[in-house]
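What follows is a set of structures for review.
There are two complexes below, and they share chain A, which is joined by chain B in the first and by chain C in the second.
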Partner chain A sequence: MSLISTLARLEAVETGRAQPVATVRHRHLTGRPLVCVPLTTAGEAGAPLGALVGTDRDAPRLLVVPQPRDRDLRFAFLAELADVVLPYIDSYAADVEAAERSETDPETGKRVKVEVELCADAPQLIVPSRAGIDFVRLLGRSMRFRRTAEQDPEAPHPAPPRVPLLGRWLTHYGERARVPGSALLLALTDVLSRHWATGQSSLEDQHLGALLAWIDPPEGESGAGAALRAELLRDGRGQLVCPPAGPATDPAFDNKLLAPAIERYDRARTALAAAEDGVEADDRLGELTAAEQHIRELVASRTRPTWDAVWQGLDLLRALPEGGHAADRWTRDRWSFTGHRDRVLAGEPPQPRRDDAVTAANKLATREREQARLEAQEALDDPLVMAGRRLAGEAFAGEVTDVVMAYGEGRRPVPRPLVTVRTDDRPQPAERARVYRSLGGRPQAAEFVGHEDDGALVVLRIVDKMGRGKEPEPGSLPEKGDRVCFTLFEHEQRGGAKLPDPEETPWTHGGPPGDGSPPPDAVTEEDVL
Partner chain B sequence: MNKATLASALGSPSAFGQSQFAFMRGNAFEARVKADGGAELLRLVHERLDPEAPPPKGGAVPDLGASGPEGRTARTALALREATGTGGWTLLDHPLLALDVAGSPAFLEPDAVVVHPDGSWTVVEIKSFPMLDGSADAAKVGAAARQSAVYVLALEQVAAHVDPAPRVRHTVLLVCPKDFSNLPTASAVDVRKQRSVTRRQLERLTRIEEIADSLPEGTCFAPDLPPDRLTAAVESVPATYAPECLSACELAFHCRDRARAQDAVTSLGRSLRAELGGLTTVGSVLAAARGESGDPDDPAVAALRRAAALRSEALGGVAAPRAAAEAVPCP
Partner chain C sequence: MTAVFDPGAEAARATDAILRDTLRGTHRGVVVDSPPGAGKSTLVVRAALELAAAGRPLMVIAQTNAQVDDLVLRLAEKNPDLPVGRLHSSDADPYDKALDDLPNVRKSAKAGELAGLDVVISTAAKWAHVKGVEPWGHAIVDEAYQMRSDALLAVANLFERALFVGDPGQLDPFAIVGSEQWAGLSYDPSASAVTTLLAHNPELPQHRLPVSWRLPASAAPLVSDAFYPFTPFRSGTGHGDRRLAFAVPSDGSGPDRVIDEAAESGWGLLELPARHTPRTDPEVVRALALVVRRLLDRGGAATSERSDGPVPLTADRIAVGTAHRDQAAAVRAALAELGVQEVTVDTANRLQGREFDVTVVLHPLSGRPDATAFHLETGRLCVLASRHRHACIVVCRSGVADLLDDHPSTEPVQLGVMVKFPDGWEANHAVLSHLSEHRVRWEP
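Let's turn to the complex of A and B:
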């Protein structure tokens, strides 16, 4: 955290309201994101309790597992979830635009341009908190290796048809969320705290209710007070008024409300199974339905406040203008989505449990590159982020005080003008180090020549983007009196060395990955875990 | 002293609690792992920690029942001593160990301790979080390792009283459910680092008598005292709050309220406190940043002023005329 955001936090403490740490929105938001507020059962791995999902803030779909430990009910929940999520994903898969991608021609080995499809937009998934992203990943992992009855008639406990497919999509989204700057799957607390600093610690910022209270406190109340209420206030029954955003539930809710309700449901189910005639069965079915309805109401009461909070947070974010480079990063997300769509269509097996060496190295390289790209782009889009980089000595801004024409030493005279900038910043570039400024969206490079006037003046030699002629093209040079901002970091990231295809993995790295689809997980014998 | 009751009496109740679902699941899993006289558990210990030893065939499971914690501790020590010479596998189910913490004994109950045929002892920790594709949540594994390290230290104290002293293994066995099933799988966890950290911390802990001596005469923490007297009593014990306390201590909300009331910078995070040099309150930092106080030659103050100037410039504010004048020199 830079000193600038530290100051913002302290100002937030003083004013009782969150302070901006960004002047533009650094993540793309689509017009129709799919919001998902999941709840999980304490102590179980990947046993959802319920979820609110949907794209319409006024009409979320409530999905509930009345007995989370029952495998069949869990599958029913996942199938329902697939019925909501997969049509939403499919609705983006068909709308494509033509794009070009360079590929290596297998016969000649040359790089050639090929026409490919790129989805015009991509489905965007929003979860309340970072734990929600982990849960999406966990759900994906729990589903993608399941076999349906169609795939494997012998499999014990076959999964409903579209569940493995949903698992593959959720896995893809969960993996993509690890790429810095990606917006396919966003945790709202992360995005909000990227844009606002609150007067509490970043640990406490993980609480969506408290975070929103700081950013947008109710009329006439301080953010600090509202946040404290959101965090701790309990009603007469000892329940949190602002339930945690999940997926974990409050233990008091589990013990006082949920456990008795599930017990009632279990009793009703056992009674129904033991019914001896139709009339008795009807009565007991009624009781079972009532018990299930009660659990549904409980789950709704815990998820609805978070659901509303997520949409409130999205409204706050939408009020910020989108940063200039966010669309560029979203295009990369669209490529990612299109790529996975193609893999699914091509009938490729689900993502393996462990990546092979080449895939893992590629993923790491991508994350590093995207991290550097994100940092550079955010600074270019946002003067407040750039201020942090200037404070750190990684950029400097100032006024041009002098431009002297000079030429390179080669046989053909090329313009190498010297530009003097007066700045308060204290950059410490090495001799002949490259610095960059943005010229119409493209980086223009300069070489550092030296300091003058005790460091207040920086002399640079511009080296490119001046056209081919002897005289620099008009507009390609700063003029005396212009405000300029140079960075010591590069604006665009180069890809690293190319790795071999996974099929060509050398034996030192484990050799080519085995083919065929991975085996399904071992299942527990009992129907109820 | 029950810190949770104390916190409630102070008006800042702790938010800790365990869901009965997690509790039931944990118990059911532990029972499954220890079923059949611990056959599955001993098999895992043999496979993961001691494959050279003869495979366990129905290890001994001594009865550790006794009255009172002291009785159970003594019974455990006796059972350990007896098992060490037998040359077979022994499983101690929920033994009770005593450890000296700051001068007063604390009783610890590991999930299980296994005595190997070579006479060495291993701590077994059974957790109900899943091991997915061979790896588990790093934070939870770390917590389990720290917990086990304390058991190892307590076992070493027991071993020191046996002659010849048996070896307490520094690799513990962590047993978790495999993937999404309730089948147990295990992993060896090396706790040497956690063990030495814990030992150092235990040695450096101020002894309770010394803390008690430093308190004013008549200090009492009884939860039924009037709140103001109770608050004063708690205040007399120094504590430095940091946000990490929230996940560990029942009194954290109380300390947080006090830290906020004192305007302490640490309530926003330890790393943030480290950046600010000698400035410890929010008010003094902001005053220094605005140029109202502080020594301009102090590097922390100078950096703050520069940061404040850059921030207001970027926000397009007019709050920092000094900075604006510097940033745009008259042509």
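Let's turn to the complex of A and C:
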């Protein structure tokens, strides 16, 4: 934890309210995100209990699996989920703009510009907490390899038609969520704790109710008190007043309310199946419907508070102006969405169970680059974030006290002016280290020359962005009296080296995939329990 | 009767076997594990010279530019006539200016311009950009345990066969983003290059250098037991072979007492009162600086097998090691205040592969309220405790043993991932219990 976030947390403890650690919103929020509050069944990995989904805060759609162990009911739930999510995704797929992308020409091997489509906006999925993202991944993995009756008429338990497609999309979203700074799939607790520091541990910040209590406590109450209440307060029946954001449910709810309700449902189902005539069946169907309705009410009662909390959190975030580079990162998300849309349209198979060596290395390289980019962009967009970097000695701000013209030693005299900055910060650059400042959105580099006046003055030599002439172009140099901010970290990230194609995987990494690797697991009894 | 251990002969035997497998073996790869100061660089230079002498085109892959330049200088020192290529980046100042004085070293940013030279040397990062060239017959990968699997993936198509050399006990490579998703895969891109290599090619011959020439007899057993419990090594020198003496007697202060203890036994622990502090604990930083100042002021002289008489202990033979960069910066500032210059102050990551007479170490867990995986990492402590030829002085807040007991390792166990032994917790305890025998308590 950085010094400034430790300070913010201490302040939060002292004041009883969360303290802002950002002055702008560092993640893009679309105008119409799809919020999903899923619940899962205790002890049954991958068995959803229900979900509240939708784009309208006043009209969420409630999906419930009255008997989570029943495969058919689970498929019905997933099909219903697909009916909500896929049309939402499709609504973004058609609205495109023209864009350019450089590709390698297969004939000449040269990089050429090609005109491609880029979706004008992308669907955005919001879940309450990080565990929700894991659940999205789990659902994606459990669905994308399913076979529908159309694909494989022989398969037992064929999946409903659109379920595998939903699995592919959820997998894509789950995978994209691992890219730092991406906003296609967001966990609200993560985004909120990026912008506010509370007086509790970051583990406790995973509780959406408690986190919101710190940020936006009820009138006249301290955040700490409200957070404690959110975590612990139970009603007369022993149920949490603020249910956990899921997907896991509170054991007291499972044992006292859910288990009896599911038992009642099971009994009603058995009774209906045993009905001997129409009148009896009608009665028993009534009981079954009532039992199912009861479970629906239970699930609604556990998801609705979280649903409202998510929208409250979104309101808080929307109140912040969006950071300058968030749109830039959102464009990358749009490329990601468009790319997957194209793969689906082209009839490519679902994402493989495991990445091959080259794909894994490429993903890791991309994410490391995005992480560095995100850290730089957040600091450039937000003076409060930059203050943290300055406090850590990774940047410094101050007033220019002197600019002396000087020239490089090469044959052609190139301007290498010396700039002296008076600063209260204590940067620790190595000798001749590069530092950067933003000049009209582009980074200008300078070389660290030395400290003067006991570290209060930093002398730099500007090395680029001054034009081609002997004299620096007007506006390309800071002037005496200007406020400047230099960073020790780079603002932009270089692309890494290109890795070999998967079919050229070297012997050190097991050679090309596909030959000699074991076939995928056959379907076993356990798969269709 | 027990056989007398002859370090020179043992080391020569190991080296011969390595060179035999490299030059005449049938396997595509050879792996060499080398404990700290076991002559890894010497081995790399020798293997390179012999491969070049045998007429095999050779590429050498190191991890940092400093390592590359160092290797070029060593090669030129051993054989000034050998045509060597130094492939470098196109940044400003891409290589050590000392290379300009070597007539047979050609420098270029383009691999094509270095084609045909006996040996071409560069960093893994630069090699990754080399495309469309004829593969080299042979490669030497230096510091292979510090190279990430994905970095090897990017360069492995450039060579047919390779010798991988490295120290398994030092810091593992790391990724700045989570990579749990690939944990357990044989080609996990964040794992070390050797891990991936051996997972796919378990039949490759593996060798080990058995003797540390750097570590004194006082340090080798501890470092070997704590960090290499299953692959022990010995020091090349005996207990009487090295001596550290000071002309100026102790003034009785904490720093002086710990210096005397370390001069006598090879280890010293300067323990300050327990306290939770920020990383750049001003008192501990000041204590480190004072110890360094006194080391210089007291006219130290180091006697070793390298020279006939005592050699003065000068600033360039002393290093300060820390866990974090801001700690290193704080120590540098404190040293500057005391008028000390030219003492190396750096983090464990950057001290890897370097050697000094005396090291002064800021204990990674000093003053911390918690023990995270970063601070417990075995390699970090191993690097810090194995850079010295004579003595190592650790400066620390009291209470680290209790801190360790309060924070057992809780890293999740991942399926398919080899559990690394020893774990950092165990190694920290081993080192601490040894250090506590050389403790000097001091209240500044």
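Observations
Just so we're on the same page, the second predicted complex is superposed on the first by the 507 of 529 C-alpha atoms of A that agree within 3 Å, B and C clash if a C-alpha of one lies under 4 Å from a C-alpha of the other, contacts with A are read in each partner's own complex, and residues count from 1 in each chain.
FYI, a contact is a pair of C-beta atoms (placed from the backbone, for glycine too) under 8 Å apart; a residue touches a chain by one contact, two chains touch by 3 or more.
It should be emphasised that the depicted structure is a prediction, and the values quoted were computed from it without experimental measurement.
In the overlay built on the shared chain, the residue A:Asp355 is in contact with chain C alone; chain B does not reach it. By the touch criterion defined above, A:Ser142 reaches chain B but does not reach chain C. Within the superposed three-chain model, A:Leu203 lies in touch with chain B and out of touch with chain C [touch as defined at top].
Contacts of A:Gly43 after superposition: chain B is touched, whereas chain C is not reached. Of the two partner chains placed by the overlay, only chain B lies in contact with A:Ala252; chain C stays clear of it. Of the two partner chains placed by superposition, only chain B is touched by A:Pro20; chain C is not. In the superposition on chain A, A:Ser129 contacts neither chain B nor chain C.
By the touch criterion stated above, A:Leu3 is placed in contact with chain B and with chain C alike.
When the shared chain is aligned, no partner comes close enough to touch A:Thr189: not chain B, not chain C. Within the superposed three-chain arrangement, the count of touched residues of chain A is higher for B, of the candidates chain B and chain C. The residues of chain A shared by its contacts with chain B and with chain C are 3, 354.
Contact residues of chain B toward chain A in the complex are 15, 17-26, 128-130, 132-133, 177-183, 243-244, 246-247, 253, 260, 263, 265, 267-269, 271-272, 275-276, 282-283, 285-286, 289, 303-304, 306-308, 310-311, 313-315, 323, 326-329, 331. Chain contact summary for the complex, chain A toward chain C: residues 3, 178, 180, 354-358, 360-361, 363-365, 367-368, 370-372, 392-393, 428, 432, 496-500, 504-511. Every residue of chain C that touches chain A in the complex is listed here, in rising order: 28-29, 93, 125, 128-129, 131, 149-150, 152-154, 156-157, 175-179, 181-182, 185-190, 193, 196-197, 200-201, 278, 325-326, 329, 332. Listing the residues of chain A that touch chain B in their complex gives 1-4, 6-11, 13-14, 20, 23, 41-46, 68, 138, 141-142, 199-204, 224, 232, 249-252, 254-255, 258-259, 353-354, 383-384, 386-388, 390-391, 397-399, 422, 424, 481, 521-524, 529.
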